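Two complexes come next, and they have one chain in common, chain A, joined by chain B in the first and chain C in the second.
So, the complex of A and B:
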């Protein structure tokens, strides 16, 4: 058996074994899921630095079951395996009392297998097969949140499902244009090529959680179990979506900075950064606040890759891995707070930093990372994205900077409201989380520091090879940012965010109110209130438009039905009635009919003779 | 030997069905077993001749009769594929009927009609002569007329009449088209017709006449409204009519005539996809508005049949392969949906989805099977529907119908929304009524269809290999 099949088969096999374990044998299940994810991690590391391919006949018509591993796919699957293992460890403790523990473990393993398959696939249809299968695991995992979660699960399914369908048509188009369903034939972006790019891009950015495909994530933050959030929107979906976006941009199309798709991507990225972070700012729930950041940060990656200049792409990819790390860890700290303090509502929290010092420390490191404070990893990737954005236009850079300001402001608010300040009395006895939950957070936080201080490691060995020697033109992008002006601008923004926080806290008198002055600002407050009613949710808007269409279609259908039920029937009746009237038993009528018929025959015969 | 098997495939169910009312007088069990056996005959028979057919050979039976009424049965890859699919699904439906129909009167007639229907269907599939094709076609119309009006209520009988009249009108048009072809070529024998036309397109008026027949049978706009109305029939019958067999007859004959036997002028390569696109969208929209679960699934069928028609009409290997796989996958999944709806209807005593909710708590297997079949209809992997949907899209795009494909993309969006609407309304949310799970054979049948749907996706290489061969043979490559 080929080694490339192992990353798909091992987790699937482990999932089946986990499902077979009886509900009561909790310890056995915990051990099995750990073993499965660990084996997956080991295999992906063993596959690292290898360039292997595998192919067997499959559907026919040029669709082979072909897998390939090279530097980029190896990077993504080993990162995913790393998160998978830590999440398994965390979830074992987090969900130990919950009855969904076993299902979650199985879903986690299957998700890893499907992700590995999607990343390793070297044929578009095979990739879509694995990629779209994730719909079902995602649906199932959100459903673990209880009987009320189905609305969110459906919403997520519809949004991602529709974007996957777009991808399906995009792939068909791409295959037709480029003549191959492998990744390597660069197609042009003119005409139908552009349509193909847009359709494929929709699939990629929707999976990553970009606007306007984002609105299920904040809902899931409330309804789905926390490990699901840390896993899907937190880490794995970002990896997968950005992986594919990079593949279509670099390998499948001849995209360069002057093409219109570059502007499209940068605009999507900039809008996502700003709007999502504005929403994050005013949230009053730990998990919901994080979920909006999960959306906002994807904007930086799309903006970075959309610049189509090497520094931007490297920044985007570096931001992808950094964000997966700190966002995952931030969700995990949220989970610790939820489990230990019993709530994630910021109004009921406060001052628990003293009770949970390690969780607090991990929160601090990761919050500083996401805010882009040196020397943590987020700083370096954001600077690269800024560099690329500025090269393409000051407006994109400005959007990114505004995003940074509000990111910092909202994490100041979150940290202040949850960990510092006055502690509610019922939270006095809150204890630190168990070690199985702390270890993943600590490891990821340490990795954030390592990826910051020694950013040469990820950039040189993981990311630069993705672009290849040709695109890099001898440049290296690790080390401290070369453009000191950009660093100075970042410093100003961060200090401004801090001052804003102090002003807000003074004004409102508590940490949670630190951004109230922004919430109540003119114009903004109106937008916030409309948003709160769900009127700005693209999903709701689309669904309403669909309903209008459906009503119109149904009218057409009823009209067609009416012609059968009423029109044709009444015409038939009218004809029958007319004929019946003619047959009234009056012999004069019958004679008249006969004479008329005879006359007709005579006329016809005469005409026939003439002819 | 092979020729006898072919005869048995058609005539064992067709003639054997007349024994069922007699068997029913003796014992219920005997009749049920006999019915299953009669339906298994075409399944086993087709499986028996499959290896030979798959190798590229054809089996032909021919009895010369005057006036072009030669009796011809031909088994090629397309026919065997279609026969296997439809007899497999009808066997499962018969199994389900054991649990379902036991509650109602006129059981003898029910089995008689269903088995006769299956026999006539086999006749259509294997027929090599247009006149016999028409003959079997009308037998299916008569049996389905009887089956839709099965419960004898006045309204039901009227709906049965509607279904019969619409399809009969189409069939008569088709017959005129056949006679027209006889005028042109001097034969009803498909092989002779094919050879005498030498690849030239047939006149547009014939295409139109035959299309009336096909579209009315396969419930495509504007001849579709009889199908949602036919939902008053017993559930296994609606499954049989809507999902597995009746509507597929239309698309099968389309493939048999317009892909294998004749060719039509270029404009039909655009007209038919446009008709299909309108049909897909209008029906999907209607499915989103209806509240009767069987009507929703029926509209969904109208919408999905359009995909098959699209795949067949755009021309090209991939589209046709996609359409054939679609017939298989959609038959399995949609049959499953109807049978699940039947379980729900029988136990909840209503078809109105607004009066249901939370049924997953008491009928988990039905709920999961429903969801699995819905996933397959949506085209979500690893279910089989994914591949068929993709190939149809691919076929449409590669023949230059990009905008038609975009329309179908919107249709697929609606598919996801209405299937979730119906699933959520029936199985999730607040429970309003207490409902118990269906009988063992019924639940087994729906679970089997769901499992087959997923196996069809995971082991896609087996059906797709066969379909590839069939497409090559159909196009004469």
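So, the complex of A and C:
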């Protein structure tokens, strides 16, 4: 048995065992899922720093079940294993009273196995197999929220399914252009190559949750259980989506900054940053607010990678791992609040920072990280992305900076509304979360600090090897940002966000109202109101468009029906009647047919001889 | 050593008829079963000591299986002891004739065994001596007589040029003298075989003969007799003697396509269970012939595979129709309905059979049809490939409507007391259904061990 199969087989085996455990044996199930995720973590760490390949023939037609681990895939699967373990620990406590606890554990393990498979896969077809299977676990996990989650689960399934379909077509095109489904043959971006890139990219960024494939995430934030949110849009889907986007850009195509796909990626990234953060700003629910940030932050990664310059790509990848950490932790703090205070509605919360000091501290660290305040990790990755964006055009830099402003503003509002300010009467007795839920948050928060202060660790050992010596050209991107002008601009923006917050609080009189003046600003308020009705949701727009198509298709369908039910049937009847009449049982007829046919064949054959 | 397959049954028949009087029906039944089973075993495992090539052993296997099924059905459909004894004798004779056709290496012996098979079939069809059966048998005999005339003339013409009647010698003489006379001989022989195989427009006798024959005889007749005496012989003589000129290919393809279409359309219009199956047979035989008409090794392998599959699933359907006939006393589908609830084994195996005929994966019929279609496509015969695919829809249409009318739905009045028809039917249909499913599932294995070796015979 090959070592490389373990990251796939161990979680699957653990999932099967977990499913076999009876519903009542909660402790046993908890222990098993912890053991499974821990074993997965240990195996991925053992595989770290290795460059192995494994290949056996699979399903025929020359396709191979081919796995490979190298610095990048090792990085992704160990990060995923780390989150998997912490989430298992967290969910055991969070969902201890819920009846979906066992299902969640099984889904978590299966998702880990599939993700490991997708990341380790060394050709596109095998990756597709694992990637598509994730669609099923995603649907199942959202459905853990109960029947009211069905609509959201379906929405997510359709959005991701359709974008995966695009990706499949992209794979077929890529296979056609480059002659194989391996990752390693760099295809050109001209002509069909560009189309293949875009189609593959759609699959990757849709998985990551970028606009315009985002709209299921805020819905799921309300409907799906919180650990699911922390796990899928919070951490794992980002890792997988951005991993694949990077593989496409670096390994599968000869991506150079002057090509149009670079601009397209950057535009998608910039739009995602700005629009999603604007939506996040005005949310009045802890989880929904975070979910919009989960979308917005993706924009930074796509923008960074889309620059196609080393500093941008490194920034994007660094932002990917940073964002997975703090976004995951932020969702976890949301879960703590939900479990302890019973709600995530910001209007019913307030002042619980005193009751839950550790949760509050973790929130503070991660919120500062996501806002890009030095010396936390988010600051360094954003600076790298800024650097790359500015190299490609000031407009992209400006978008990123605007995003930063609103990110800071919305987290000031969130923190103020939830943890500070006046505490409602019924929240006096709120207690700190249990230690199983605190440990994951604390660990991730500490990691945010470590990745900030010693950013040489992730950048030099995890991210720079992904690009390889050739692309880096001797540069190193760790340490404090070299461009002081950019740092100064960031500082100005952060201070501005803080001043804006103070102004807003003064005006509205409470933390939750800190951004009301933006919500009521001219033009913006119109956009917000339209959005609130769901009219700007690309999913809804597409659904409305399909109604028109449906009407047209129904007409065509009726015509087709007539063809089948009337036209073809009458033709068939006529033929059948003719044949039946001919077979009247008179053997003389039959003999005549045979002889005539024999004569005809003889004539044909003899003529053929002469010809 | 392959003579044993002929001599032993003949000696057996003599012994049974002359020396053994008591228990002779049971003895005959056991003897026939032993003969058929040993035929199956020999064709599967001991092909080389009996000097059978791949094509012969596949067809011999079919003969064994279908004869066995027919024998099992006979156990229930011919109640009278004396009649049953006679019937089994005829069954063995027919099977001797077919084994002979499969094993001979010269064209005159082939003709002789064709006649042995044909004559025992005439008697089998007319066994009940009622008017319809006699008429059906008579039609078969008339058209067979024409076939005989055509083939005998062809043999005479061959003798003009060849030193003896062996396939090799005739082939050599054909190559040397490529003139109108030899072409005429080839054509006449082929036309004779078209009649024997019941291909459109030589098929006039088929529906009447299949419909009027007693149940177990129609299993044998539809399942294997026409396939061996018409189709196997055609495959053998075209590949071993005549070769594939363009005109031969075109004629085969045209006749195959016409058979497929006419058979399928005619089947759609039938209300009689067995008559519908008869037309369905014509249609399926068409598939075998267009497979042969590609002239490529793959197409011929597909044709033989379809011959095998068709022998199995068509016998299955005829066994089921016999079971239904025995239960309800009629073949009129309008008087049936909901039989599945009373005869679950028959109903289920019938579903297996029809799905396989229609070519639904993973059943056996799918694989042989897909090979034929692929071979047609590779040979550049696109219109024929399209016909082959579209005719599957027609097949599905008439077979599903049959299944719905006969087996599904509400039980018709007066069928309340219906039971499974007997252990012989159940064994036969289960056995055939298992083969249909098994061949489908293990088709890669079957293909590489049984069917694809056939290609090697023709690639010289």
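Simple rule for what comes next: the second predicted complex is superposed on the first by the 559 of 611 C-alpha atoms of A that agree within 3 Å, B and C clash if a C-alpha of one lies under 4 Å from a C-alpha of the other, contacts with A are read in each partner's own complex, and residues count from 1 in each chain.
One rule holds for everything that comes next: contacts are C-beta pairs under 8 Å (C-beta built on N, C-alpha and C of every residue); 3 or more make two chains touch, one makes a residue touch a chain.
Every value quoted in this text rests on a predicted model; they were computed, and no experiment measured them.
In the superposition on chain A, contact is made by A:547 with chain B only, not with chain C.
After overlaying the two complexes on the shared chain, residue contacts for A:594 are found with chain C alone; chain B is out of touch.
Judged by the touch definition given at the top, the superposed model places A:571 against neither chain B nor chain C. In the superposed model, A:585 makes contact with chain C only, not with chain B.
After overlaying the two complexes on the shared chain, residue contacts for A:608 are found with chain C alone; chain B is out of touch.
Look at A:165: by the touch rule set out above, it reaches chain B but stays clear of chain C.
For chain A, the partner touching the most residues, choosing from chain B and chain C, is B.
Of the two partner chains placed by superposition, only chain B is touched by A:175; chain C is not.
Against chain A, the residues of chain B that register as touching in their complex are 162, 166, 221-222, 224-226, 281-286, 288-290, 299, 317-318, 321, 358, 375, 378-382, 386-387, 389-391, 393-394, 396-398, 402, 405-406, 409, 412-414, 416-417, 420, 424, 428-429, 460-461, 464-465, 468. Residues 57-61, 125, 128-130, 132-133, 135-136, 147, 150-151, 154, 157-158, 161-162, 165-166, 168-169, 171-173, 175-176, 192, 195, 543, 546-547, 549-554, 556-557, 560-561, 563-565 of chain A are the ones that touch chain B when the two sit in their complex.
Chain contact summary for the complex, chain C toward chain A: residues 135, 138-139, 142-143, 146, 150, 178-180, 183-184, 186-188, 190-191, 194-195, 201-205, 207-208, 245-248, 251, 262, 265-266, 268-269. Residue ranges on chain A touching chain C, taken from their complex, read 572, 575-577, 579-580, 583, 585, 587, 589-591, 593-598, 601-602, 604-606, 608-609.
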